[in-house]
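Heads up, the next two complexes both have chain A, just with different partners, chain B and then chain C.
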Partner chain A sequence: MGVTEVFTTFGDVYLRSVLSTWLMTAVCFAGGLALGILVTVLRVSPVKPLRVAGDVYVQLFRNIPTVSLLVIFVYALPYLGATLSYRTCLLACVILVVSSFASENFMSGINAIGVGQIEAARSIGLTFVQIVRLIVIPQSLRTTVLPMTNLLIATLLTTAMGSQVPLTPPELTGMVNYVNSRSVAGISAFIVSAICYAGTSVVLGWLGNKLDEKVRIVR
Partner chain B sequence: MAIETATPVIELRHVDKHYGPLHVLRDINLSVAKGEVLVVIGPSGSGKSTMCRTINRLETIDSGEILIEGTPLPQEGKELAALRAKVGMVFQSFNLFAHKTILQNVTMGPIEVLHTPREQAEAEAMELLRRVGVDSQAAKVPAQLSGGQQQRVAIARSLAMHPTAMLFDEPTSALDPEMINEVLAVMVELAQEGMTMVVVTHEMNFARRVANRVVFMADGQIVEQNSPDEFFDHPQSQRAKDFLESIKGH
Partner chain C sequence: MSANVSMRDALYEAPGPKTRRRVAIGTGISVVLLLGLIAFVIRQFYVNDQLNPRYWSFFARWTTWRFLLRGLAGTIRVAFTAGIIAMILGLLLMLGRISHNRPLSVACHVITDLFRSLPSLLLIYFFFLVIPKYGLRMPSFWMITVPVALAASGVLAEVFRAGVNAVPKGQSEAAMALGMTHGKITRKIVLPQALRIVVPSLVSQLVVVVKDTTVAYVVSYPDLMQNARVLISNYDALVSMYFVVALIYIAINYATNQFSIYLAHREGTSIMSRTTENPV
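Coming up: the complex of A and B.
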């Protein structure tokens, strides 16, 4: 079966699997960013135990292979009385991993702000929460567009972890198994999925560059 | 004239501070009266910046007391933030908010801390920017301005909080020579309008012109204080004599 045949035969399943991959990527990235901001706020807070907790969190989820995390969620959590759906397990794992990388990006963005601006903000009477909201988050978001774009693409590729659990519809990598268990497409199914990943990544990368040009802070 | 036992705007009593084994502030006693302009001078590492920074609690102290208009500085939190805003601070490196326009740099404090309505805050900010001569730059971001212009914006940003006193930590040291005077001019004007000021600077002409008192620091101590003319022309301590000799060449 050639690439075009794979398209014509499985076109609508492919469409659904592309959409499913995009949706998971969006949910995981948004969730990872939100959680990453939270963890980063802990890591820069004036309270030492919170800083330590934030650092431990990042070390934990940045250094465990996503697949191991997924195994723990799928097989170990039920023993603790929490049986989550496969999709929920997958999303939770990817979000945890993405958030730890996002926090590392934010930290480098924060380091670029410099202690002077923070002191100036303190000296005009802004509180810690105001400084985080008005200075730290906006500036670190705007200086980390490029690394965050890379993280978004990495998130897209990490959703391929979904091929390790049964999902309906399957995401792009699971789709390869789906096609090959119903016909003899061989490498063609891989190629179609690869084209979808690569196409998406190129568009995201381009959008990231445009956004960076727009919001980058001149220093 | 009625006899007034006016409360000093800034008062330091027996302030001590260490950085690890380093004793940076040794039993500092200092009081700054309303409208007074104090110039702090001394060799590098003598604790001038540290003293300034303890006054609005950017640094903690080990012992002693710091009072602003008779009120001791609170430990942390909202109360401290509020009191801090009453003492403006201008830094050597300007420290403008890089992601905000010049106008937004000046309005942020009033809007967020004083809860001034935006329109009023903007009107006041434009007036302040006009006073320091950078109103035409209001829509730009800090990186588009010269150092001198940025420092004048930083002064406007502090003034927007209606401070009762202003601290300046070497406000002209990072500036190219041709920009120093435009910043000093703004400071002279402020002094003449009666602002209470503590200025760390080696600009002797500025000190002679507007300072009421010069405080000479060395090794974390106030070694000598006097009127500017007395201090510069007849320093008492050997340390002050040596120091003045060393900066003469510049």
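Coming up: the complex of A and C.
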């Protein structure tokens, strides 16, 4: 079965599959960023236990293999009184993992600013809120554009974990399984999925580079 | 303030008595909240009877750990083999990319970016579902090792390239002035230094490789996760086993990460990973 036949037979499923992959990537990235910001706030707060909790959170979720987290959500949580749908489990897992990496990116963005700038800001009388709002946040956002673009692409690749649970429509990696169990598509299904992943990554990477050129801080 | 002060602390002025009291109150409240969270988790385990000794007692048996360790040995075997293949392939891809042979350079560039932009699971399905349809049967070890290695090789090619770029340009210019050829400069001047620079990054990439091996159960290769699944069906203890296995993976990856940070610190280099390099 050639690539064109795969399209004529499974075209509509593929379309829904691509859209679903993109949607999951967007949701997970947005959720991961939001949670990552929250964790970063904990990590730079002056309250010691919150800092430690934030650090532990990041170490846990950046070191756990996503599939290990996924099996806990899908198979173990029902025993602990929380049964979630497959899609919710997948989204939650990817968001937790992405948030820990997002927080790491934010932290290195903050660390790149330099103590001297904060001291200078304080010496001209800026308050803490002003320092964070005018100096820390804008600069750390600008330096994290490229790392965050990479994280967005990594999020896209991590949604492939969705192939390990039944989803309708299956996402792009699960499609290879889906097509192969219904026909003798062989390599064609793989090629179509690979093109979708690579194409999306190239476009996202290009956009990230463009944005980075605009906002980059030359140090 | 010295330059060694971390940004975390530099953000705040030396606290006065009022702030110190507020921080103390915040510390108290957050400790209570965090303990409450932990207590809630333990309570969920308790009320759902997951603290029952029958779910945990088999961890006191040596046979359990022997079986898990055998799985872990499988994980390590796959991870190291894949790591070595990825290193060789990544180095070759990078050398091809920086070579002056235009077609070779473009081909290596495309292959590098392709491997970087595909999920390892898709590559695993390629070797598990697609390849056998063409009559090529591979042992399960290679069905997991090869795709994991391919996925890592793209990232490593970029890491090597970053290492090469980190070698000061003046050195290769000086070598060129002495009449050395491009190949000789790469071999004698650039590579030895570049390889030294990337060692911490190679170690930290092992974490990604170990994570990628966790789906070895797809091809039924007996790694840590697969052996844990066998134990789960034997002992009928799913929750405890999945949590213990997750902690083992976290411990391994944490240790590997800390080791790479230590190496980077000692060598005075930084760790390059998927996050720090150019997007595809």
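Just so we're on the same page, the second predicted complex is superposed on the first by the 201 of 219 C-alpha atoms of A that agree within 3 Å, B and C clash if a C-alpha of one lies under 4 Å from a C-alpha of the other, contacts with A are read in each partner's own complex, and residues count from 1 in each chain.
Just so we're on the same page, a residue touches a chain if its C-beta (ideal position, glycine included) is under 8 Å from a C-beta of that chain, and two chains touch if they have at least 3 such contacts.
Just so you know, these numbers come straight off a predicted model, no measurement behind them.
After overlaying the two complexes on the shared chain, residue contacts for A:Glu119 are found with chain B and with chain C alike. Of the two partner chains, chain B is the only one that A:Gln130 touches; chain C does not reach it. Once the two complexes are overlaid on the shared chain, A:Arg219 sits against chain B while remaining clear of chain C. For chain A, the partner that touches more of its residues is C, with chain B and chain C as the two candidates. On chain A, the patch touched by chain B and the patch touched by chain C overlap at residues 46, 113, 119, 122.
By the touch rule above, chain A contacts chain B in their complex via residues 46, 113-114, 116-117, 119-127, 130, 134-135, 138-139, 142, 217-219. The touching residues of chain A, counted against chain C in their complex, run 43-51, 53, 59-60, 63-69, 71-72, 75-76, 79-82, 101, 104-105, 110-111, 113, 115, 118-119, 122, 128, 131-132, 136, 146-147, 149-151, 153-154, 157-158, 160-161, 163-164, 172-173, 176-177, 180, 184, 186-187, 189-190, 193-194, 197-198, 200-202, 204-206, 208-209. Partner chain A is touched in their complex by these residues of chain C: 1, 3, 5-8, 10-13, 15, 19, 23, 26-27, 30-31, 34, 44-45, 47-48, 50, 113-114, 116-122, 125-126, 129-130, 133-134, 207, 210-212, 214-215, 218, 225, 238-239, 242-243, 245-246, 249-250, 253-254, 257, 274-280.
Looking at the complex, you find that chain B touches chain A at residues 56, 58, 76-78, 81-82, 84-85, 87-89, 91, 93-99, 108-109, 112-113, 141, 143-144, 154, 157-158, 160-161.
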